[in-house]
Amino acid sequence: MGRPSGADPGASSRSTLAERFSRVRARSQALVAHLSAEDLCVQSMADASPAKWHLAHTTWFFEAVVLAPQLPHYRVQDPRWSCLFNSYYESLGPRHPRPQRGLLTRPGLADVHRYRECVEAAVGELIERPDGGSRDEVAALIELGLQHEQQHQELMLTDLLHAMSCNPLLPACMPADAAPAAPRAPGGEMRWLAGREGQVEIGHAGPGFAFDNETPRHRVWLEPHCIADRLVTCGEYGDFIADGGYRRPSLWLSDGWALVQAQGWTAPAYWIAPGDARAPAPHWQVFGLAGVQPLEPAAPVMHLSFYEAAAYAQWAGARLPTEAEWEADHDLPGIGQVQGHAWQWTRSSHDPYPGYRPWRGAIGEYNGKFMSGQMVLRGGSLATPPGHARATYRNFFPPSARWQFSGLRLARDGA
Amino acid sequence: MGRPSGADPGASSRSTLAERFSRVRARSQALVAHLSAEDLCVQSMADASPAKWHLAHTTWFFEAVVLAPQLPHYRVQDPRWSCLFNSYYESLGPRHPRPQRGLLTRPGLADVHRYRECVEAAVGELIERPDGGSRDEVAALIELGLQHEQQHQELMLTDLLHAMSCNPLLPACMPADAAPAAPRAPGGEMRWLAGREGQVEIGHAGPGFAFDNETPRHRVWLEPHCIADRLVTCGEYGDFIADGGYRRPSLWLSDGWALVQAQGWTAPAYWIAPGDARAPAPHWQVFGLAGVQPLEPAAPVMHLSFYEAAAYAQWAGARLPTEAEWEADHDLPGIGQVQGHAWQWTRSSHDPYPGYRPWRGAIGEYNGKFMSGQMVLRGGSLATPPGHARATYRNFFPPSARWQFSGLRLARDGA
Amino acid sequence: MGRPSGADPGASSRSTLAERFSRVRARSQALVAHLSAEDLCVQSMADASPAKWHLAHTTWFFEAVVLAPQLPHYRVQDPRWSCLFNSYYESLGPRHPRPQRGLLTRPGLADVHRYRECVEAAVGELIERPDGGSRDEVAALIELGLQHEQQHQELMLTDLLHAMSCNPLLPACMPADAAPAAPRAPGGEMRWLAGREGQVEIGHAGPGFAFDNETPRHRVWLEPHCIADRLVTCGEYGDFIADGGYRRPSLWLSDGWALVQAQGWTAPAYWIAPGDARAPAPHWQVFGLAGVQPLEPAAPVMHLSFYEAAAYAQWAGARLPTEAEWEADHDLPGIGQVQGHAWQWTRSSHDPYPGYRPWRGAIGEYNGKFMSGQMVLRGGSLATPPGHARATYRNFFPPSARWQFSGLRLARDGA
Amino acid sequence: MGRPSGADPGASSRSTLAERFSRVRARSQALVAHLSAEDLCVQSMADASPAKWHLAHTTWFFEAVVLAPQLPHYRVQDPRWSCLFNSYYESLGPRHPRPQRGLLTRPGLADVHRYRECVEAAVGELIERPDGGSRDEVAALIELGLQHEQQHQELMLTDLLHAMSCNPLLPACMPADAAPAAPRAPGGEMRWLAGREGQVEIGHAGPGFAFDNETPRHRVWLEPHCIADRLVTCGEYGDFIADGGYRRPSLWLSDGWALVQAQGWTAPAYWIAPGDARAPAPHWQVFGLAGVQPLEPAAPVMHLSFYEAAAYAQWAGARLPTEAEWEADHDLPGIGQVQGHAWQWTRSSHDPYPGYRPWRGAIGEYNGKFMSGQMVLRGGSLATPPGHARATYRNFFPPSARWQFSGLRLARDGA
């Protein structure tokens, strides 16, 4: 497949597309409505970006990928902004260094809001244009821009959470009633479900949108295995900590153990130990979008690196599922917490599928060049925009990443 | 001297002090009036601080050094803020890591303004209190707080300039008519003035305020030497560049040459070479508080490290003056540009004067613990608050620092 | 499989084992016979180890894994040496920091030779002991020690080559007639061979020795693909360089491009550009075990990182084979240069096979904990001890590693 | 003074010079006679050099500074070695990176010994040449080469000691009866001696050899002060440790306290705490040239950084002497341990004396370019070659340096 395909033909009718475009774009703004210009400008580490930058970058993406090639006579807002808001597209020109995105106090937040409005108006114009020649391509590119924006909606939350976590005052990103929440967790003991085995197919084969890295659909052979019916909970992870999980090298991959020691990890990111001076309490707490909350033992554990997920699985006498197992088993009867709770680390590197072809042109850089040094996560978290993820969706992060809403589901060999 | 002394007894009368307090505090706010909350929150390097932090830190200083010990029943604004806004006083408790000051989006700018108002009201109350027992000490501590605030007024400008210089858009910190400017430079050739020689006295002996590192006044023996009647200009420094100054190791101190190579220095900080993509022009330009301006050949060169100043002097067949020479010669007939233009690197390390005693208590950390690894600068820059500096004033920075308004005046051996 | 299995029962008879033990151990010493004590002590980077350390570490391995548990009354040579010569076995006690192995001038080379002799005598005694109870386990452990030593024989050469490459004199590690050489390369054009497809089996299932990471044998589904009949040559790689291969980000994985820029890569490691001051010549040369030699266009290119191999494949309109493809196709009619030339980077991460179980005990750390951040190489190089590698052999290194004898073989999708 | 002056005319007669040359050169070899080629090749940190490198560099110095310019037809041993053994002379060509000196296993130790012999023969020839025109200059340059070699003799010992200290086996550099030792320390209480005050002269004014940084002799004004009659002892320093010296920031300069925390300093370098696994004992021990020895309470404390020396002085209610005080007081009646025990940190930065001129030519780089970031030490240590140091001698190191034989003598203000 050389370019992204749109959604169902019916869904791409003009008014539907325009309406979806408005709704997705508005959601980005709504997510940060409770925060100040200062909050939206800050960058707390090289891996994270300021929320204002996310707002501008997703807008630049429409400008550079949709408007500039597709809307005749379109003039970019400010040619110097391309350098500021291009994330990593080598073919679209030079880029401001990623670790310095937080230094961009200009353009200011109000300027970025105006930028969004102008680009939204131009996309609206493009949607309404009568010449149908490239209408499917335009619709597909706009859909790509929306999917891209949805990815950044989640990143905006993870990056804001990280920034707030660096402030000793531990301010909430938003009021509790505005923060995204997971559906109620299933109670009770974890159960093992027999996974699908033998020859299965995984990957996307349409219809509907998918990223290039989900294709092509292909055959995989699965050995007999079981998969857990739910995610690992905070309570279970607390048992791992209490049993010396962070002090026993035999449980860890070598790179992970090196990080445990170098970074002094003793719990998931954002867990607050009893007695922490920033938020004194006699029990464990967790810092989240709505601020400091008591640790909920039944909730899925989150903010784990791959290494911690793998060490927990080792301690539990189990392992992480491969991404093929995860995908094959995602709709097993009785399985729960597939989406909407936490991304689930798999034991699979983000390698190309057999026959993988990146999209043509600049968007070929979207996923293809990140096929080394990354592990695949499956599912979707409470911060993933509703409707965004799929069973074939391949999220990926370096194994050391902890600031995502990342947890785990166990698997094991044998029927 | 165990504690700072106030100004002349007359000047410390209540109404005079209250008026001076208001004026100095108001100037801090006026300096940043043209900037956004985002501009005031950003931190562009570990050595610099956000302007909002400066506004809060100078307020905390009054709270911790003046109000808490002197005003009965005073309650600190928020006990958690002491950690955020304490700069380096080990004896006043733990501190937020300096390189992470830019992450403090909270308290927000409006909160800091309120903090300033509350503390100002409390200091006003303290000034008016009738019990005269410790009145001299109170006045002296308030004066110290104001001198401290004035120092941070200059730092606020240097730090803002650095932050803006990191933005490819090179935004101005303020309109040209609001930016501080130096008095007109003397025209014509530099002239050598015969310096004072033999036994001289340097250092502060009162009356009036001085920092502890300016004391005690003491005798120094000076060999015959000459000192320049004005500062080195941008035009002269341009000749040094054109003559290969940044490519000839023989001109440089070893540590300086290592930095030239490691950092790729080819001109002073904030000089913009012809053709620079950020502000294309066929001639050299300089980025300053009012934005990009054409290089003015007759203006004093600024934003030099000590190493560059020393290399220039070597190239010019001269040397930097020692701080004793500078102080002894500061009022020679015919000497110009002593204050109000640029800080002047001296060939002197920031060592204690013979008989030096730090102030007692927390403020003993003010200068004394920085008596290694720092070079002395004398004079005062266009960004120094009028009336702040003195002939005995010892400013100091590491020899690698370039973001200050730092230039040089030449000296040479012999009469 | 809980522990390593020995070779064929016949091969493990006492005299055969003793003879094999002597031969393998003697080869380690022969490899460094031309080098000085200084050459054998040096460590040129954290990833490499001194040759003397390799000689001692392989001896410690026999002591810790074979003699201490299996030979009653055996007393270790020096209890303090365990810390020095333990590589990474957390369960066998603390370790001298890896980057500081080059600082171990003591024990001296002569002491290490004596250490080798003592341990060899003790292993000889163990082989001859009459009590047959654990004879199979002893034989298996000794075989593991020998396989381990063979791995270090290759590492000793790669590490020596790296050390010598850091010396501007570019000294040879050994005379040309003593240096290992590859068999003659097949001439002519590269040909595409149709690879095996559909369901295949890969992995080791005995008989004979294999490392734990080669097991268990399992089914994999392969899509139609082709594989090259020989390795990519230096001449072909030179075309990639000449075509701007190191200057075109579109050819590179993101992490690879970052390294190209950060490290200034412009050619494989050990390639010497025309005019290099260390060995002036008008043509490209290559630094190898026998010193500087003219680049041989028909020879397989070596000393590539995974990133360079993948970028070359991208440039050539092809890709790297997966390790399953490589193993399934290794004995295709017409395929050449499978072993004895260069390790071949695959597109596969070093993940566990389905059903993988590490060995029990300390040797469980041998491979299992390195199953993240590593890419698989297949085949075997000119520096691999003859008879050491297998079709199922999984060598692995981080994708940035260039100091191994690592090249590539192309593959492509479709029949 | 544009060039080094020789010793007394009488002393520079040919046979005397030849004899002195032989004796100094032989001492370099004798110092390392007990060590292996491995020991002499290793480099344990960037600031230290391998002993073999010292042996070669001092030889290169004669070749580059004496033979090449003064002995017609002299041909350098190997033109490529100039790059290897040039330390920091920019004007004498490119240099092998300092942190990689330990990678130079070639030329081997035997080659370096031959290099020394060849250069010694050539210098011998030069001494005997009849043409007296430049005889004084030749003698002066040879004397400079010998003074240079003596400096490296001490560095060779400090660097060897550091290298051995990195080996957990803590091997001795030499037998106790071969290791240099200090004269017996004076017993009893430290006494304060009234220092010289008012106008004094310091600096070298001949006759005899001195380095350029000791000149010119000049006047300095000294305030009333006292100086200690002996060095601070290990026992006294132990009291500082026991009193929490390494845990009290108020005692430390800011840069020093940062190092204490970053490096985890809790005692002088080479002090071994009770229970240290490398050399278990119930009491403090010290690692020295002859290996591990019990701490001797009456011996001068050594291996302190400037920061530790200054912190100790602060704790003791005293201060470090300035270098002018030290020099003026060095021959006070009753003063002891001036030389031959430990270098003594002063409170003076290594700034140029008034009227200082570096030597002309390449040797102008000897001291002049290190006049920033260095503190002056005075006296001389047990490792300083007898007869090498003078009262005017200015040794210098960065304030963080601990691997020298550096201790302290106290001073205080007032008569």
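So that you can tell them apart, the chains are marked A, B, C and D in the order they are listed, and the count of residues begins at 1 in each.
Heads up, the rule we're going with is that a residue touches a chain if its C-beta (ideal position, glycine included) is under 8 Å from a C-beta of that chain, and two chains touch if they have at least 3 such contacts.
This structure is a prediction, so every number in the text was calculated from the model and none was measured.
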If a chain touches chain B and chain C alike, it appears here: A, D
Chain A to chain D, fewest steps along touching chains: 2
Identity of the chain that, by mean CA position, is farthest from chain A: D
Whole-Å separation of chain centres (CA-atom averages), chain A against chain C: 37
Averaged-CA centre spacing for the pair chain B and chain A, given as whole angstrom: 46
Residues of chain C whose C-beta touches two or more other chains: none
Touch relationships between chains, expressed as pairs: A-B, A-C, B-D, C-D
Touch list for chain B against partner chain A, complex: 36-39, 41-42, 44, 52, 80, 83-84, 96, 100, 102-109, 163-164, 166-169, 171
Residue ranges of chain A touching chain C (in the complex, touch as defined): 88, 90-91, 199, 218-223, 225, 249-250, 252-257, 306-307, 310, 319, 322, 347-349, 351-352, 354-355, 364-365, 369-373, 375, 399, 413
